[in-house]
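Below: a set of structures, written as structure tokens.
Next come two complexes, and both contain subunit A; in the first it sits with subunit B, in the second with subunit C.
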Partner chain A sequence: MKRKLDIGGGIAKTYLALVLLFLYVPILVMALLAFNRSPLYQMPFEFDLVWFKALAENDRLLNAGWNSVVIALVNTVVATVLGTAAALAFSRYQFRGRQVMQLLLLPPITIPWLVIGTAMLVFFYWTFPLMGLRPRGLHAILLGHVALSLPYVIIVVGARLADFPKAVEEAAATLGATPWQTFWRVSAPIIAPGVVAAALFAFATSFDQFVISYFLAPPGVTTLPVEIYTSIRKGFTPEINAISTIIIAVSMGVMLITARFYKFGGER
Partner chain B sequence: MSQVEVVGCTKRYGAIAALDNVSLKFVEGELFGLLGPSGSGKTTLLRAVAGFIDLDHGQVLLDGEDIGPIPVHKRDIGMVFQNYALFPHMTVFDNVAFGLSVRKMPAGEIKSRVDEILGLVRLGGLQERKPKQLSGGQQQRVALARALVTRPKVLLLDEPLGALDKHLREEMQVELRRIQREVGITTIFVTHDQEEAMTLSDRIAIMNQGRIEQLGPPLDVYEHPINRFAAGFLGVANFLEGRVVSVSGNEARIDLKLGGQAVAPADGYRAGDSAVLAVRPEKIGVDAGGRSAGVNQLSGKVIGAVFSGSSTTYRVQVDDQVISVFQQNSTPRRFQPDDPVTLHWSPEHNVPVAP
Partner chain C sequence: MSPRQRQKWAIFGLTGPAYAWLAVTIFLPLSAMLYCSVLDVSPLVPRPASFTLANYAAFFQKSFYLPLTWWSILLGFWTTLFCFLVGYPAAYALAKRVKGRWREALFLLIVLPFWSNALVRIFSWTMVLRQGGFLDMALHSVFPDAPAFNLLFTYPAVVIGLVHSYLPYMILTCYVSLQAIDDSLMEAARSLGAENTTVFRRVVFPLSLPGVISGAVLIFVPVIGSFMEPRILGGAKGATLGMNIEEQFTVTANWPLGAALSFTMLAIVLVIFAVLYPILKRRGVWA
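== the complex of A and B ==
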């Protein structure tokens, strides 16, 4: 019996090791090469910060990075606010078409981005000029990202709201709290972990987004993923590794802090 | 201390009346139990007093003032919810302090009020715990402290002990009684547990289908139920059907369907009326042998005997009806299934009830 368990444990451990290996080794190699002097990724490894210095002077890459950060942040705020409001409406109120609308949230997640990107491009070419806007540009990218992130936000916040203890709001009312006080002091803190998780999803959805950004970016305007793609096609230097390393370090830091703060998956 | 009165309260959900013209006065300082099966309207009535329900008709009066138009948060009530509804993200202290802090009370005063009330419910020292780190009984006390700390005019309890195990429930019943006496607050509580209602309440109302079936101190309602529902819901009752053959003075003679005769309080009966008598199982004595049935006697056969420590419950088949009998285990005589027995009881234990 004990022997059997050991074999099972061995398989599980090997499996876990392999998963971690395939997930993290490429990232580690990528990060390591950002610190390697050779422009052609040649060994032996020689530590140097030359690519970070080059990056600091590469306006194209920095501009694209700045665009990505701004779009991702604005997208996070807009999608999180709208999505949380929608999730609240779905869980609290009965209205015509509620179930149909909830069902309609899911297909966009499964439709290939390529299809959505094409559809958006065609649609924006048709509608934006009517409003005096150019069909492509940062505004179009932002709108596309918000549309893409909304279902994720609504689903994540909705999951948190599904096990919201409703009686606590009634309890707050009996204790003399106005509806406003009840929302900010009782309901908001309880759903906050869900909202933060949803905001992270929204940020990641936008920041990683390539296909839609690529379709909706006019010449001369790029986001980071689009710029990285362009650079790779043109032949590239380890500057790409340098900026990727910075992004990974920042996003991992943010994830770890949030996870620690809200104890995802564990007791709250 | 305050007095609560509901007048002609009606609330319908579709074709079902959750409250059907209910009027009731809750006296200052009393602990009042609303007892009934689920769907009887007891919770609806409690929530109407709290302000969570818009009544179709009727008024809720607090110290004579109609509080119908006043929203929940301005009603000055304390309420303990079925699963306590503690704020999960706050410590015990913050939970209890909530009602004071939304009233913008100075921090120093909040601290002394919270400490005082936590002392009253015997929870001193747990201020910094989160609700999840507390046992069910402790959560119950926090909920109670939170409801009382604002010194509300009336305390409402919705199945307050329902989530606790039996042992803890009995302990908390005693605690609840003590705290309610010390604070002296008018308290209304809802329960479906008849024992809890009897143990805790100064007065109870038995509710059924949105109406009050009977109202009074627990002992009165238990000993003198006025109808079949009240007799069967509060405690166990055997119902003996029959027809009145004669009335003399304040005694009625009734021919029982099961055979023999019963002598019961006259209770407005006239000869020829059909009658239903409620007899509590503990009032019935059991003797060996199925001899002839006299007045207030029935003979039958034991079909079940359940021993539960201090007492034994017999089920006795009499004709086509099964009669329940409780016997204290102070007598050495025990009966087995198939034993023929004679049941007997005194005339005053026949309680005429409306069918």
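== the complex of A and C ==
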């Protein structure tokens, strides 16, 4: 019996290795070609950093990269603060409309981004000029990114709060702590990993977001994914491989850090 | 202030900002889009508009929308099917056959690409599928005389790219429901004389169906609305409803038509699920 299970384990690992090959080979091929000298992706492979050097002088891409980082950082702060507050209310209080409010988190997750992005474009086009704002631009992109990040933050922090040991807070209160002290010295450290994970999710959501930014970016003002899309449509160059490699490295790095704080898929 | 009142203000203060934000960026825009879809003149044109249902009628009148929609639904179907065929065994292997540190490491490796840039991952397939790309070279290193091989800008290329994008969703949702199945249930079935295949067919698979269904929903809906993936990997051959909607907003600037097509697309997705729901409910999924 034991022996049989071990064979099953071997097959399982082999199969999973094949799935991982499918998931990673294209990314590795793309990254490898970023270090190849030939502008036409020709073999044999000659190691060169020429495409990364070209990036360093490409003002359009650098600008787009800077925009992406700033938007992702502001998005992270705003979405984490607002989302954590809402998650706290859901876990602390039973009130009328609570379930409806939680159901309202589903449309932003399930409706295709194409529909949400174009809807934002229409709405901002009508309303922003009334406030003296341009309908498209970095402010519009930021508004959209926060909307996409918020439901994830509320769900991730809410999951952490669901296992919150309420007795600890009651104990602190019994021992004479003020509500403020209880929050900062007892509750906050317990929910902190959930909040950090949510913040990293929010960062990744914004940094990788293409569809919403694409519709809300006016000509000349772009984020990295929009700029990459525009370049791909013009034709493939190893410079796109170079910037893509950097992006993949950053997002995977962020998610590896997140994995320390958040267990994907529940119990393992 | 009474404790009750104080609680009310606390709830309002904590949830207000997040939901105000969602109202301004999701719910009001969707309403504005609905309004836009019944206008006869694009908001970009400085001419007074009146109400019309012509944009919705266009979907049925213009001969290319129905085939285009069918094409998109098929794309969603194939992508979901292949995600299931590849992803379910992977989820099963992960949940039931691999334990401990291996499982943790493999799981992380599978979900990692899922949170990295979708556009870049689609782009990476052009490096593999194009003529002179990775597959072409691999083929020619084994068979030097093989004809040139180019999958880029074909229908299979779009499906491969989409499966690559959405596979982790299916593995994740199936894994969660397979993980929740108690091993003693399977042992009980076996001790009552059931064959391994029977245990799987009658016990494991039915219990994991909710995971399969939620994975399928999470994949099918965005694939129907995809436009970036078919444009990069399918070129002119990969026309989808999503690409047509995108063009109404960025190229032809016919916003009302684009809005009407968006809502038609959402309605089609809802109808598909409304048809599937009773079947699934009868089978005990979505209890």
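Definition applied: the second predicted complex is superposed on the first by the 246 of 268 C-alpha atoms of A that agree within 3 Å, B and C clash if a C-alpha of one lies under 4 Å from a C-alpha of the other, contacts with A are read in each partner's own complex, and residues count from 1 in each chain.
Methods note: contacts are C-beta pairs under 8 Å (C-beta built on N, C-alpha and C of every residue); 3 or more make two chains touch, one makes a residue touch a chain.
It should be emphasised that the depicted structure is a prediction, and the values quoted were computed from it without experimental measurement.
Novice: Following the overlay on subunit A, give me a clash-or-fit verdict for subunit B and subunit C.
Specialist: Taken together on subunit A, subunit C would fit alongside subunit B, as the superposition shows.
Novice: After superposing on the shared chain, does subunit C or subunit B touch more subunit A residues?
Specialist: Larger number of subunit A residues touched: C.
Novice: Give one of first, second, both or neither to describe whether A:T178 is in contact with subunit B, with subunit C, with both, or with none.
Specialist: After superposing on A, A:T178 lies in contact with subunit B but is clear of subunit C.
Novice: On the A-aligned overlay, A:M120 touches which partner chain: subunit B = first, subunit C = second, or both, or neither?
Specialist: In the superposed model, A:M120 contacts subunit C only, not subunit B.
Novice: Where does A:I228 make contact in the superposed view: on subunit B (first), on subunit C (second), on both, or on neither?
Specialist: In the superposition, A:I228 touches subunit C alone.
Novice: Which partner chains sit in contact with A:L138 here, subunit B, subunit C, both or neither? Use first/second/both/neither.
Specialist: The answer is neither, since A:L138 touches no partner chain.
Novice: Could you say whether A:V69 touches subunit B, subunit C, both of them, or neither, answering first, second, both or neither?
Specialist: neither
Novice: Just how close are subunit B and subunit C at their nearest CA atoms in the overlay, in Å?
Specialist: Distance of closest C-alpha approach: 10 Å.
Novice: Where on subunit A do the contacts from subunit B and from subunit C line up?
Specialist: Subunit A residues touching both partners: 267-268.
Novice: Going by the contact rule at the top, pick out the subunit B residues touching subunit A in the complex.
Specialist: 50-52, 71-79, 81-83, 85-89, 98-99, 102-103, 132, 146-147, 150, 156
Novice: Give the list of subunit C residues in touch with subunit A in this complex.
Specialist: For this pair, the touching residues of subunit C are 7, 10-11, 13-15, 17-19, 21-22, 24-30, 32-33, 36, 43, 86-87, 89-90, 93-94, 97-98, 102-104, 106-113, 115-121, 123-128, 130, 132-134, 137, 164, 167-168, 171-172, 175-176, 179, 217-218, 221-222, 224-228, 231-232, 242, 245-246, 249-250, 255, 258-259, 262, 265-266.
Novice: Spell out the residues on subunit A that touch subunit C in their complex, using ranges where they run on.
Specialist: Spelled out, the residues of subunit A in touch with subunit C are 8-9, 11-13, 15-16, 19-20, 22-27, 29-30, 33, 41-43, 82-83, 85-86, 88-90, 92-93, 95, 101, 104, 107-108, 110-116, 118-126, 143-144, 146-147, 150, 154, 201, 204, 207-208, 210-211, 214-215, 225, 228-229, 232-233, 236, 240-241, 244, 247-248, 251-252, 254-256, 258-259, 264-268.
Novice: Residues of subunit A touching subunit B in their complex?
Specialist: Going by the criterion above, the answer is residues 165, 167-168, 170-179, 181-182, 185-186, 189-190, 267-268.
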